Structures are given as structure tokens and as C-alpha cells.
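Labels for the chains are A, B, C, D, E and F, by order of writing; each one numbers its residues from 1.
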């Protein structure tokens, strides 16, 4: 591999670290969704995931994110109004 | 704000850090109580917390602390007697 | 205690740290087993653990370890085959 | 005033735990969007969670003060 | 390909959580060995857990992309 | 002897988990004080938790030794 100058190397390293951190956050979030959605959507474990379970899992992720956004926005409003 | 000498400043800083740590411990403990007491006391979430739920929550905190003290004291006795 | 030379002392210290780490891992693992097996095996808490509960707890530890090994081996096979 | 300050200091942790509890309470089988009744349930659950947080916080604070007075 | 890579990157955490979920699902009262039906249940549960992981992962990724497009 | 030592080494973690499990087991709806039956239940639950801890610990230790012997 070609040698990189000090600055370019540092920038490249920083980019790699940032990408790695983003992937770690993504993965941690998926573990978190699994904790909630596995129990909600998967009753029996048959030969394959049926389409109802697949839909339930995808909806579960999306509704959980909707809930997070809704809770966060409402909380911000309450805080701005200065009390609840 | 008046300038502080080195020592007074260090003492002030130490006091602030200690207060912050105490607040963090308090908050962590409240999260912990919520984990136990929310499921025990809050069945339905109506237009407001009724007084029965409020009493249940306050009792839950106090009985949890009683339990912690009782468990800790009994454990200390067992350890002192050198076996259980 | 006799004084140790620098190298012997370092080796001894390293041995102690390793032993302490191993004990911490063991203990963490026992806490983990307790989290799973207490709820599975202990229904009522009578005057003593009956032998059925004792057997259940010991089996629970061993079956959990079997499950871990089985899951890990199967996972390694899937990864080696390059997809699932 | 004070209650909101306490809440803000640990807002992220509070929001995560509150979201988790209210999602579990209000969403049975997750559908293709949050329907009206689910949204209302979440808003109420949030308010009750913060009420409960304040109640728990006050009860803990009183107990700490009583314990200190007895020392 | 990609899915396996994601899985390997966090293999240890995944294995722990999967073992925990599948043990709870498949083992009622733990006996003196894993019997055949328990072993089959665990293998199926693993496969479904990884399928579910991939489904959840894809759904999350799509959502992130949609949110970014809306910004 | 040994069992108590193990317990002391990680006393804080043990006390927290034991308190949590025994509170959940013994306290239904928390009242205005710990009544007699709750207090007895907690004491028994503690003893059984420590018995169970020792049983689990021994079982794990035997298994580790068996695995090492097979290597």
C-alpha cells in the first residue's frame, strides 16, 4: 500500500474510526430492537419465519422508532413550556 | 464573579464534583426504583395518577429500601458468624 | 514475607491479577446463571432448598452451557460455509 | 421547576426507559403505522411515567432526609 | 455475505443474546441432558433468531435512509 | 468457609440481585410497612438465594473441571 502523508493518514484514520463507531451504534440499536421485537413477534420457531412474523418485526422496528420520535418531541415541548 | 485563589478554587471544584456525583447516584437509584415500581403499581395509564397508585409508588420505594437494609444487615450477620 | 526481586515480583503480581480476573469472570457467570435458573427452578422459598430444586439448578447450569456450546459450534459452521 | 431540571439532567436515560415502557404498554401487535388510540396511549403513558418519576423521586428524597435525621 | 459480516462483527454479543432467548424458549424444566427435541428446537430457534436479526437490521437501515432523504 | 468468601468478594452485586429477586417474590402490593409475613418471606428467600448460589457455583465449577479434563 502506498505510504500516506501524516495529515492524509490522520484524516483516513479518523474516517475509519467514525465509520466503525457508526456501525457499532447501528448494531447496538439492532440488539435493542431484537430485545423488544423478538418477544412481541415470534411465538413459535418453525422451519422458517412466516411472512406475518416478518411483517410484525419490520413494523415493530418502525413503530418503535415512531414512538421514540413522538416521546422525544413531546418531552422537548414540555421542557420548553417549563414544567409539566 | 470574583477570582478565587488556587486552593479555594480547587476546594470549590471538588465540592461541585461531589454534588454532581451525588445527584447522579440519586438519579440512577430513581431509575432503578422505577424499574421495579412502575410494573408493580401502574396498571392502566389514565388521565392522571390516582391516589392509590401514588401511595403504591411511595410505599414501593420505602419497602424496597427496607428490604435492602434488612437483606444487608442479615447478610452482615451471616458473614460475621462465618458461614451460613 | 521475604523480599522479591523485581522480575519475580512482577511475575507474582501478574499471576495474582490473572487469578483475580478469572475469579471475577467465574462470579459474573454465576450471576448470569442465577438470572436464568432462579426463575426457572425456584417456585416457593421454603425452609430449605428441596432436592428437586437443587437438581433443577445443577441441570440448568449444565444445559445452559450445553446450549451455549451447541449455539456457538453451529454458528461457527454457518459462518464458515459463508452464509446462512 | 426543579422536577423538570432533574428530568433534563438525565433526559436521555429517561427518554429511553420511558419509550421502552410505553411501547410495551401501548403497542400490542405493531401495525403499519401508529394509530390514533396508540398515539393517545403513548402521550398519556409519558405523562404518567413522569408523574410516577416525580412521586418516586420525592419519596426517595424524604426517606433520605429521615435517615439522615436519625443518624 | 453482508449479513454474515454484520453478524461476525458482533458475534459474541449476538451469541449471548441468542443463547439466552433460545434457552428460555426451548428448555422448560432442564433435565439431565439436552434431549433430541430440545436440540432441534435450539437449532431452529437460532436460525429464526438470525433471520429475525436480518429482517430487523434491513428494516432499520431502510428507515434510516428514508429519514436521511427527508432531511 | 469458601462459599462465604466467594460471597464477600462480590457482596455488593450479590446483595443487589438478591434484594431485587426477593422483593419481587415477597412483596405483592407494597403497604405502609414490611409486615411480619413479608419479613419472614424475605429472610427465607435470602437463605434460599444463597443456597441456590452455592449450588449453581458448585455445578459450574464441576463442569469447568470436567471440560478441562477432556481437553
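One rule holds in what follows: a contact is a pair of C-beta atoms (placed from the backbone, for glycine too) under 8 Å apart; a residue touches a chain by one contact, two chains touch by 3 or more.
In this text the structure is predicted, and so the values were computed from the model without any measurement.
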Path length in the contact graph (subunit D to subunit F, fewest steps): 2
Each chain counted as touching subunit A and subunit D at once: none
A-E, C-F or B-F - pair sharing over half of the A-D contact pairs: B-F
Far-end chain from subunit F, centres as C-alpha averages: A
Chain of greatest Cα-centre distance to subunit B: E
Length of the line joining the C-alpha centres of subunit C and subunit D, rounded to whole Å: 35
Whole-Å separation of chain centres (CA-atom averages), subunit A against subunit C: 30
Separation of mean Cα positions, subunit D and subunit B [Å, integer]: 16
Contacts with two or more other chains, residues of subunit B listed in rising order: 37, 41, 60, 62
For subunit F, residues contacting two or more additional chains: 47
Ring path (origin subunit C; first step to subunit F): C, F, B, D, A, E
Subunit A-facing residues of subunit E, complex: 6, 9-10, 13-14, 17, 21, 25, 41, 44-45, 47-49, 51-53, 55-61, 63
Parts of subunit B lying in touch with subunit D, wherever the complex brings them together: 23-24, 26-27, 29-31, 33-35, 37-38, 41-42, 45-49, 53-54, 57-58, 60-62, 65
Subunit A residues within the subunit D interface of the complex: 36-37, 40-41, 56, 59-60, 62-64, 66-68, 70-72, 74-75, 78-79, 82-84
Residue ranges of subunit D touching subunit A (in the complex, touch as defined): 1, 3-4, 7-8, 11, 15, 18-20, 22-24, 26-27, 29-34, 38-39, 42-43, 46-47, 50
